[in-house]
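Next, two complexes with chain A in common: one pairs it with chain B, the other with chain C.
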Partner chain A sequence: MRIRKKGQIQMMETIVVLFIFFIIVILGLVFYTRIAKSSLAEKLDQYEELSKIQVAQIASSLPELQCSQDNIVKSNCVDLLKVEAATTVMSNNAADYFDLFAFSRITIYYIYPRTGNWPDEWEIYNVQPDDWDSKLPSYFPISLFDPFTQNYYFGVMVVEVYK
Partner chain B sequence: MSKSRKAEIEIQFNWILVLVAGALIFLFFFSLVRWAQSSAEQETSTTLVTYLDSIFTGASVTKETVNLVEIPFKSVEFTCNDYTIGKSSRNIRNKIVFAPSRLEKEDIITWTKGWDVPFRVTNFLYVSSPRIRYLFFGDEGDEVYAFLRSNFPAELTADFNPSTIINQNNFKVRAIFVNTNIDEGFLDEFRKMDVIDATGLVVQGDLLSGDVEFLRKTHPSTPQEFRSIGSADYFSDASLLGAIFSEDNEEYDCVMKKAFDRLDSVAEIYSDRANQMYNNYVDEGDSRCEQAFAGVSGFFDLLIDPADPYFELIDNYEQFIFSNRDAQKASCVLVY
Partner chain C sequence: MNKKSQMELMGLAIVVVLLSLVFLFVVRFVILRPPSEPIGKEFAESEMAANFLNAMMETNNPDCSDIKMSTLFQDCANNPPDGRIRCSNPDAYSCFYLRNKLGELFGSTFNSWNINYNFYASFDPNDIEGTSKDILTFDDDDCTGNRRMKQQPLPLNPPNTLYLSLFICEGD
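What follows is the complex of A and B.
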């Protein structure tokens, strides 16, 4: 009877040790998962930031918009006649440009001086996802070249990436 | 006696339980380590692929630049549409990237060149490695050969008309025959290399246009010679360089198709712009500029979705240059 009890006690001990061990392992896993989740969220934020920078880089260097003189490109300058044409062309070929800009919105705002018959803003590209929480905007001051008068105006290019 | 045996069985059963539990714990930790290892590898390759994408984007928006990128990965595999590091792939998207099918370890060289037809359509990005050897053969007086000799990045490993060729254990070798006959005499030196790692290109044409034939070395067990795997056209030096950095005509054609898709949009924008400029000069009564812009829109229209884009580019190239020059002479806004 005594020996039998000893065997049972040993088995109980083993089961209790295993139980405690697995509780500790589960706690460890829960802790690890939480840390991994927050690190993943941080990484995702970082990737989204990188994607925003990429869209902005591409948008500000599009030959479809850039000012050029005999193929010499003027940096941070967009040709207003190209912009006018690009709003139609880029929306008609949205699938091609989706590869470049994904879910984002690119708008050019005319700021100063308020002369001529140019509109206040041009929406160059806008493809929204079905479900989005926020937009991450970036602002780039640019020159707007008016080929009719050969004058330069001041404007802003706004690149917003849907999140 | 029977009680004692039962107790013994219980004690032995306890040991079996410990053994089974131990094995399960061991298996659990083993699989946990495997999972952690594979997820860490996946995370690393995803991070590298993302950073590489940013590097390519940054490089592709600045023209005429050569960048050396040091990245600690085993290898990166390229196709026309995506590139892969480990298990992570990334879509190249609309970037025009010419690259060998595989790059190994450490250094990557990116080189950007504008595709001007003659107006800028986009930037071409060439990706390669100093561990790939380029052998150029041609006449020193040939304009294409001279262009390659003076413009090929010093950061890459290139030999121009080498007198003797010794295998330097590069993981890829590419021979480029510029308006000259194919020389297969050195191929024995690279016999052990895989057929996709020892390739060639025959260039027939000038800096504006021509055609290229893609070659591959024969299997190591057969006599060493080049065999043709296909041919293609090129337009401009940038497109020719694309053929040099691509390994086969399918990849080259696929990348060029993306470039021509982009040309459609850019030509449409320039056509619209030229048309508006023409109408503006008509309204203003500026006959010199009106004349300079007359019909220009139509030349751009010829480049929108043509049946043979290479033919249309070659046929209209000079017309664009003349139109731009005429606009410049008449002190008008330039066409491009």
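What follows is the complex of A and C.
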């Protein structure tokens, strides 16, 4: 009887040790999952930011938009006549540009100086997914070249990637 | 104490040491890890500052016989306190015109996007805190945290140079 009681106590001890061990393992897993989740969210944000930059860089270097004179390309500049034409061409052929811009919206805004000769904004590309939560804008200032007057104006390319 | 209890105590001590090591490791590398700087955001803000300065300098002003912004800056810095180039709407010399139009430009960009910024046009490249020596200053008081800076030099009458510095303040 005495021997049996000692065996029972040892069994209980093993069970308690195992129980505590599993509790520690579960706590560790929960902690690890939380950390992994937050770093994943951080990576997603970073990816989103990078994809906005990628879209803006591709858009500003599209031959359909960029300024060029005698075959010399001017960086960070879009030709207003090309922009006028691209608004229609790109929105009618959005599928052809999907590989470059995916689900995003690209708009060019005319900021300064106000001459009244050009509209305030041009929507270059806009393809929305069926289901999206947010689209935070990123702003990329650019020069707008007016081929009629040979003048440069101040504009902004706004890139919104649907999330 | 018999040998068995000594062994048990040793085991317990080893477990405690191991757990402490794991805890220290977690605290050092996970909890106390400095928040990583989002590369994309940093790049976008630097790009924004650089592109803003480039596009602004290139911009022609119909009120000043289509003169570029960079020429207005040079005129204002070379001929203080007002400048020599006269513009219309507002009818003023280059320094006042620049102050007026840059205010409009910053208002319809950074202010409307809720992005804090500082802009200085100064003769000293290291004088980037908005002093009385600056010919133009647009200072946003809310710019407290980290700032991304782009600076563009503009040649003036020798030996002077004007430095345009634009800071984009780190957002949330």
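The rule is simple: the second predicted complex is superposed on the first by the 160 of 163 C-alpha atoms of A that agree within 3 Å, B and C clash if a C-alpha of one lies under 4 Å from a C-alpha of the other, contacts with A are read in each partner's own complex, and residues count from 1 in each chain.
In this text, contacts are C-beta pairs under 8 Å (C-beta built on N, C-alpha and C of every residue); 3 or more make two chains touch, one makes a residue touch a chain.
What you are looking at is a predicted structure, and each value in this text was computed from that prediction instead of being measured.
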| item | value |
| --- | --- |
| Partner chain in contact with A:53 - chain B first, chain C second, else both or neither | both |
| Touched partner set for A:61, first chain B, second chain C, both or neither | first |
| Partner chain(s) touched by A:96 [first = chain B, second = chain C, both, neither] | first |
| Which of chain B and chain C A:11 touches, first, second, both or neither | first |
| Contacts of A:44 with chain B and chain C, given as first, second, both or neither | neither |
| Chain B versus chain C as contact partner of A:141, first or second or both or neither | second |
| Which of chain B and chain C A:20 touches, first, second, both or neither | neither |
| Broader residue contact with chain A after superposition on the shared chain, chain B or chain C | B |
| Chain B and chain C contact sites that coincide on chain A, given as residue numbers | 47, 50, 53 |
| Chain C partner contacts - residues on chain A that touch it in the complex | 24, 31, 35, 42, 45-50, 52-53, 76-77, 111-113, 115, 137-143, 149, 151-156 |
| For the chain B and chain A complex, residues of the former touching the latter | 3-4, 6-8, 10-11, 13-14, 17-18, 21, 25, 28, 43, 47, 50-51, 53-54, 57-58, 61-63, 91, 93-94, 114, 116, 118-123, 261-262, 264-266, 268-270, 272-273, 276-277, 280, 324, 328, 333-334, 336 |
| Touching residues on chain C, where the partner in the complex is chain A | 19, 26, 30, 36, 38-41, 43-44, 47-48, 51-52, 54-56, 58-63, 66, 68, 101, 104-105, 108-109, 113, 115 |
| Complex interface listing, chain A residues touching chain B | 1, 3-4, 6-8, 10-11, 14-15, 18, 21, 25, 43, 47, 50, 53-54, 57-58, 60-61, 63-64, 66, 68-71, 73, 79, 81-82, 84-86, 88-90, 93, 96-97, 99-100, 147-148, 150 |
